[in-house]
């Protein structure tokens, strides 16, 4: 058996779930995204999981040009691993979602292991008054939104980004079946080990945020992937710190960031991504765990290196 | 606590997964569907889960007229509960999928608790020579097929069929997240207890057919629904009899039928739906369990009664 | 991965839990034990797990002379593997419990993986009138009975019987901790693979007969022992057939017999051990599983062979 | 459902597992025990779980007179709940183990829910040179030590201390079967709710310190006890902080202290019980959880009050 490795902290800086009305701290512009990403890296994040937003409206955007306004700056100022979403957001095609990653050829991309409902509409009821017109319809529209990731889509991303660009993946698993889908691609030889699985809890449409779901996900992954994988834990909303901590106790890695939760403790908005990173880092160190540096994460995940990206 | 109840056998007669090439025993025409359904009821099925197929080509069909060529005959000759799919099959819209049920207003309908990949394409490689032209492209096309069941769709079916027609549901849960989706609708008061959950294992895109997934599904459902639900187990393909048996040992009900598996033991095609029903019935009785009659199933599930349907 | 192996049926013929009053079919005398053991082997049991009883009173006995009145006869008339208890029964010392096995040097012995309460006293309330004076105090006394199996005892049995006689073990695990104890001995090199673990459910003092305990025991054993073990399932009392069946569905082997349950379905006494063996065999075959012959069991468990015993 | 309650920290100050050689910080004399207990309460422990030791040799002692040299002082200087062991230590009879509690009539006592191996002998190999002659044989002797807690013993403690003195219990559960034993006493009406279950992981002889054992224990307790119990988590040795933290994430309470672990992080001895209490308190608060005061613990556990003890 492998001894206890260092813990990789991934920070998901802005995502495409939350909207500007929900928090003034959610980074919107390329500058804000770059600044918060850099501060998160400084605080201990080895991996920066990145989406872009329209700088004017804050709406999630797949536009490679927007990405290119923060990626080079991030690369220049930190050694942290850049991980670009291929999940994108509601209303984007799979082609849209791949554009930025194909252009930037990052060390890592996220890759979602199944189509699913991704329902944010209950959030729409929690706010009165919206900063932007798109927000409320965007959230309400998710009642009929399917987050599309067919077997064909996954295969294509594996080929174009994995084989094509030497990118490795954060395999986002929102339910037990997503692990079986990943096992299917492993059996077919289309994904390469070591695997890095992000277990995601608490999205309406996916598996819920109850702790026994986490032990079950790990148990299934152990059976399907044996020793040749690592997992990380993402708990949505108020479950963020608790489930990440539990995942670390179980031998896993952690993901935090404003994509996944806007809060820092009950009822208080986090003032930055870095605050969440620093917070989970303190908890990890209290548990006697060490945080992995970007280069340690690169070795663990067998990444191609920051010099081989196209930005 | 409730003592051990009788076991409800559901028989899913033809479905929309398998194609005519795969088995000569798969019922295609209204006559075949009626005959096999009646024989299944005779053998012990309390509930008949029904799809229709184009009588000429065997392709899954949502056409209410085709349904109406076998529903009245089944009603006339058996007391078994008629359960009409709202899942339909690849290529049908949600409107298509609801048509027959809205017309027939059956006691039960299936209702799938989430959008998901529903991948049959590995099946296409197992056969050479096809009876019909549509079969191979149909299977291969499932590589990009999303089985659509958004929160909006589910709500609409609950309203139109549940409230509108007094129909109750076989809540088909292909993964743990589907249970949380059902809990969401229960919290919102849109579904009525007693719930009847079909736990489905082994569809590529959903949770796998490993036994610990079954105990986990039950454990989550126990937590979410307390005493006010029943579960039934559907294992796809060669896992059919084993998982159904395990489900019965765990206090659940069972589903068999050619929709879910074409075989009867390793490497042998089942000659009829009734053969599978008779087989699971024998196993259940060997375990000291009693099989529920249609009227006992009606009482357990609080159904409106066979006289209140529209066929 | 190993494909699905044949299923080993162990029959535990008389044990030391039940008393003569409880069933007229419980074998007591050497003749009865031999006859029922032989019939059980005939019905499909590959392994015969054997205790002795005082021929006059039916009280469990460690006396090697009593064992020797049925062991040679069983050996002569069947090829089934003889497995002699080292658990003995209430009131016997560990020395007592080892005597018969040390004398007979069988292919297998049971070996209990921990000290525990083994409470039968609730049984005493279910009967009025006793065939023998010892029965009621024996059952009532179990309220303060500790089934002794210290680390020292286990080590001694492993050395004297395992190393000393080439005997292999049915490692009886009544709770999760017993698996960890077995792992401790495996780490120390004192037990040899392939392991054969008997998971035991439903003894008051041990893990309960709920199905999720079975999936959990398997999950823990998978983690601790990897591919190098087999498990078998013993459900006490009315849980016998259900849990054994579930165990078989999960890839395991089964144990039945009057030691573990006196009944054959709800409220009916089994008329013989063979009846239970035939019954579980029918269920296994209904599930498409094949029953292992004694020689197939010998190969699976790497036993020394029936010609190398001392009876 | 109950909302998230405050977290009760129990501190087990000295116990009977570790020996003086192992740590200079292990409290031995009544003064040391009192001082460390008081500091632990100051640091946030609502409950103080107490054993006594021979002041000269440090050997675990059941002597009520030794207990009486620290109990009154603790009572005088803190409002924390005093919980006296009935588990005692190797070599003590059940009578011995009850003496101090019967005399002191505390608000709480520990009560172990089963007989089991309690093996410390592997510890004997880790040290060279011993402060006291008794230590090495004490540890080595545990190879044949059975921690006795028969059904009769448990019933007697429930009657004499529970009914007799109004004491409530920390039900120590070292394995899944212990939960079933507790359920047996609950069914018989011999224990009173609300239950307070200490789940104990990592004692050789009991369930191991793997995280999925914790989710399983909780799942079984949920089924057996419904809403009418609370659990607390004790991880032995280096698993202490991790499992306690995981338990808190899962909605439970925590136990720390030098009885359970001598260390504070990898390879460093804790300098006091208070250090461990302060440490877990910091982690709990980082997770947004609040620590219960002694009076809040009294309300949660329905204790008789500090004024009703006999010391």
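Order of writing sets the labels: A, B, C and D. Residues in every chain begin at 1.
The working rule: a residue touches a chain if its C-beta (ideal position, glycine included) is under 8 Å from a C-beta of that chain, and two chains touch if they have at least 3 such contacts.
Quantities reported herein were computed from a predicted structural model and do not represent experimental measurements.
Colleague: So which one's got more C-beta contacts, A-D or A-B?
Modeller: Higher contact count goes to A-B.
Colleague: Could you work out how far the Cα centre of subunit B sits from that of subunit D, in whole Å?
Modeller: Taking the mean C-alpha position of each chain, the two centres sit 51 Å apart.
Colleague: So how far apart, in whole Å, are subunit A and subunit D when each is placed at the average of its C-alpha atoms?
Modeller: Roughly 41 Å, centre to centre.
Colleague: Any idea how many Å lie between the Cα centroids of subunit A and subunit B?
Modeller: Their C-alpha centroids are separated by 36 Å.
Colleague: Mind pulling the residue numbers of subunit A that touch at least two other chains?
Modeller: In subunit A, residues 212, 219, 223 touch at least two other chains, as defined above.
Colleague: Indicate which of the five shapes (line, ring, star, complete, other) describes how the chains touch one another.
Modeller: Contact map by chain: complete.
Colleague: So in the complex, which bits of subunit C are touching subunit A?
Modeller: Where subunit C meets subunit A, its residues are 219, 222-223.
Colleague: Show which residues of subunit A lie in contact with subunit B when the two form their complex.
Modeller: For this pair, the touching residues of subunit A are 114-117, 119, 121, 143-146, 148-153, 155, 174-177, 179-181, 183-184, 204-208, 210, 212-213, 216, 219-220, 223.
Colleague: Using the touch rule from the top, collect the residues of subunit A that touch subunit D in their complex.
Modeller: The touching residues are 211-212, 214-215, 218-219, 241-243, 245-246, 249-250, 265-266, 279, 282-283, 286-288.
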